[in-house]
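Next up: the structures, one after another.
You will see chain A twice below: alongside chain B first, and alongside chain C after that.
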Partner chain A sequence: MSTGTGTGGVRDARIHDIGYRHYEGRRLGRSYARRSLITHSLRGAYGLGRSARHKVLPFGLFGITAIPAIVMVAVAITTGLDELPIEYTSYALFMQPILGLYIALAAPQMVSLDLRFKTIPLYFSRPVERNDYVAAKFAALSLALFLFVSVPLLIAYAGGLLGKLGFAEQTSGFARGLVAAAVFAVLHAAIALLVASLTPRRGFGVAAVIATLTVPYFAVTAVQVVASEQGSPGAVEWLGLFSPGTLLDGIQAAFLGGVSEFPDELEPSGAAAACYPLVAAGLVVLCSYLLTRRYRKAGL
Partner chain B sequence: MIYNSTVARLTYRALLGRRRALMLLALPVLLLVIAVVIRALGGADDRAATEILGGFALASMVPLIGVIAGTGAIAPEIDDGSIVYLLSKPISRRTIITTKLLVAISVTIAFTTTPILLAGMILNDNSQQIGSAYTVAAGVASVAYSAVFLLLGTVSRNAVVFGLVYALVWEALFGSLVPGARTLSIQQWSLALAERVAADGADITSDVALPTALILLTAATVLGTWYAGRRLRVLKVAGDE
Partner chain C sequence: MIRTERLTKRYPRVTALDGLTVDIGPGVTGLVGANGAGKSTLIKILLGLAPATEGTAAVLGRDAAREGGAIREQVGYMPEHDCLPPDVSATEFVVHMARMSGLPASAARERTADTLRHVGLYEERYRPMGGYSTGMKQRVKLAQALVHDPKLVLLDEPTNGLDPAGRDEMLGLIRRVHADFGISVLVTSHLLGELERTSDHIVVIDGGKLLRSQAIAAFTEVTASLAVEVTDSDTHPDGAAALLAALGGRGLAATAGTGHLVHVDAADEAAYDVVRDVIADLGLGLIRMEQRRHRIAEVFQDAQEAVQ
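After this line comes the complex of A and B, so read on.
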């Protein structure tokens, strides 16, 4: 049965050309979208492309991390030392509180805003897949952290060369320092990103990241001191496996020729030393797996 | 009037509801686990007790719980703008601040002093009063931390970050590099009290004399609360992110 308006509509029906156009350019596809996501996240980690208010903390912390490198070069040159006061490999450990703060700022800013403002479905309406999103965020945070640590190292290296501290020695130290920085960046990015992705609230994410990074470190360091005083140095090297900070310390002491901050500058050896890189790699794999699992449902 | 039971109830719910309570509970549980492990492996040892309670409990657990409770009592409400519903009620803003402060203090004290006393008992049966000393220190530190971090919550949107900067960078990093920074540290003020409570043989030392420490603790708490109340009176609620 048809109504009056219906028949009227049929009689007047026509298609107007109101000027919509097809997109005829190149489709840039999935890898382009992934690259854009990495660039965008990396810039966001330093507050670039955001208001000046958001640049203060990242660049302030970056300045604080770089100052000791400049001071140490100046001291080494003016007092005529034949090596830098802080080794390249232990620079990240020396600046750990500042780096921890930067990670705690950068990781939630990278993931929790998307969760909070429910922009995740918008990403997935593009040719980006869930694993792409996770991989891009992980790569961007690792890269941001690596830059954060390696630029001060580069300053120290340049200063060391200008101060004629010995080319071969400085280059090998710098190369080992870069490896330590890369391990640091990947390990911390994986842990921090996982913790940050669990909450849409930025403030809470900041506290949670700091807590997961520092609480085990303080706990392990305190127990290590006790174990060392009670005369069981064997326990010290195994205890170091239980926090990200001491894990990195053990790796750089055992494999990269650095000096550890463990009690009595103990260096992990034998089976314990072999466990350090294994645990670090395992932790990264586990965190990435949990992260992809988290994003199977997130934001929908 | 300094206490309003409705405001207190809402603040307790904001602090302990959902996952926050779990996070607050994780730290004390970790402390107790460490205490049990050390006692089981090495037996009762006064130096171990000082190291664990001073190096872990007072240095990292108390400030972290203080940051979570102190900023958590007010910052999220300012952040999402729901504080206007509270401010539009006929309650003095000073009452709101003092109530929230009392709630933050009670939560911090509950989650720090009990586990520290228990850990002290487990580690060395409270010999030389080491456990009680750190319990007292944690108690007074909780009051000062809550006031300072509540103030931060009213001053800045990045309250958690600044609170952590103070707790980790100022107290831990600068404290170990620049001796002068140690005199301006809540941890050292509370250690002065612990030094007094513990027996002479216990290895607890502070860089600050006891009278100075008490004056500074009181001043930090009172001034922090006063200025937080003042900040809330002139608070502008603007939503920008």
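After this line comes the complex of A and C, so read on.
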């Protein structure tokens, strides 16, 4: 950039084309690209880096999820309860409808757009491999869901400590709540991502994810009630294995000291209880495998 | 830059590449072939994204089958189809793509600004890409292929969907990628004419086989032949035939071309004067007289006929 003297002594600014400059700096390679994709996708899940319109729903839903945490802290403190009305471990289950909506929003946002606008070949023509893409998207959605659930838990925990609800009890509850949140996030991310990746149409993706998360849950819950009334609690605990929601409920009741929403607050035990984490892990592995298969064909 | 050895790719139903052996050096290389000739398959293999059934391919001295990641770090790729999300701006998109190529965040932003300026995108780069014209979108696609300063870019049908003016601008830009930026280019097209002006070297493939690989100068070298076009007159209802006969009388070998064209073997400059005098004597109008150049299209036709 320099200035010269124009006619009549007017100084006119000139832009000089400095030509093409080569890049001599570092190239950070595949793992850096994978991390960048995680960050980019995680931000996308909350509408960050996009127009205000895209931030309304994620943050609106996040607000709705956080409000009960604030309310229950307030209630516990003002009415002098010695524990919070909702356990940390069952918070995700309590907020399930809202979380379901958020997952249905975030999962298609994460994968359908790349499919729909055929951006995938641009990723695969770079150092990242197909599995890196899948792993990054999976990690990003899991993280997004974990944050969605764990931040309200953190609010409740902070409130609980301020209200002097008993440090040891609160801390152990909070820690178990975080584990439940992590299980919830990983399990639901795997399922929702797979469903969303099957269609480039975002609307279909949203509907399909909601259906996949709710239909089995309501079906299992209904059959559980019937089984319970027929007097077969054994069937209730085995039935719980057949939907992501009840799976999580069973895990938190059997292993994390929570109370289930199964009929009669039944807690899975014995062989059935052992199956809960196994089925959950199996589902995650299966969904991840199918996702990588899906992306073997998609794109370039 | 690119070297393939008996490269073959068979899909269950079709053979996309059939024993292709080419050696492509630095500069702008045009890869010409009809749709389905195997251009896109070749690009996929070069990027290490599809295994070859037989044979080997090397890009920048690296084996495409084993070192795909290392190749993709140094190569840019511009796909044929639309690939831009409409609700993000060109700047954001290209920055993201630069980081996906391994550039640190600050370098990614700097290179994005530079590259978008070089492809001719200014104020509009902050607007969502959904509102861009086809020409602007093609520029962004080119920018994302160049943003990490590759040594080689693979451009798949970059002029597709552009109007004549946009096509010329894109071809000029491609020329600059090599001339000004020093980046070698492999550009595909099913149109010979546009690559003729842009490339240093042309590779013609058809049905997965190599038809021809040659420097552009060899394709279009000046021949000793002179093309002459004349009018008809009342005394000579067929001017071209009359000229042909008269030239024969003056000892110049000539053949009839299409329409009113006569091709004359002009061994030396004296032939030019002879042609002029003969036409003047006949009283015909001279429309044009020019040195004939080989058109690539003719070479392409010859090559195809040779194969068939």
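We adopt the following convention: the second predicted complex is superposed on the first by the 278 of 300 C-alpha atoms of A that agree within 3 Å, B and C clash if a C-alpha of one lies under 4 Å from a C-alpha of the other, contacts with A are read in each partner's own complex, and residues count from 1 in each chain.
We take it that a contact is a pair of C-beta atoms (placed from the backbone, for glycine too) under 8 Å apart; a residue touches a chain by one contact, two chains touch by 3 or more.
Small disclaimer: the values here were computed from a predicted structure and weren't measured.
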Touching partner for A:122 - first (chain B), second (chain C), both, neither: second
Which superposed partner A:243 touches (first chain B, second chain C, both, neither): neither
Which of chain B and chain C A:215 touches, first, second, both or neither: first
First, second, both or neither for A:230, with chain B first and chain C second: first
Partner chain(s) touched by A:89 [first = chain B, second = chain C, both, neither]: neither
Partner chain(s) touched by A:288 [first = chain B, second = chain C, both, neither]: neither
First (chain B), second (chain C), both or neither touched by A:65: neither
Contacts of A:101 with chain B and chain C, given as first, second, both or neither: first
Touch list for chain A against partner chain B, complex: 57, 97-98, 100-101, 104-105, 199, 201, 203-204, 206-208, 210-211, 214-215, 218-219, 221-223, 225-227, 229-230, 232, 235
Complex contact set, residues of chain B against chain A: 19-20, 23, 27, 30, 34, 37-38, 41-42, 45, 47-48, 51-52, 55-56, 59-61, 64, 67-68, 71, 75-76, 79, 158-161, 164-165, 168-169, 172-173
Chain C-facing residues of chain A, complex: 19-23, 25-30, 32-33, 36-37, 40, 49-51, 54, 113-114, 117-119, 121-129, 300
Chain C residues touching chain A - in the complex, by the definition given at the top: 44, 47, 49, 69, 72-73, 75-77, 79, 81-88, 92, 96-97, 99-104, 107, 111, 114, 118, 128, 144, 148-149, 180-182
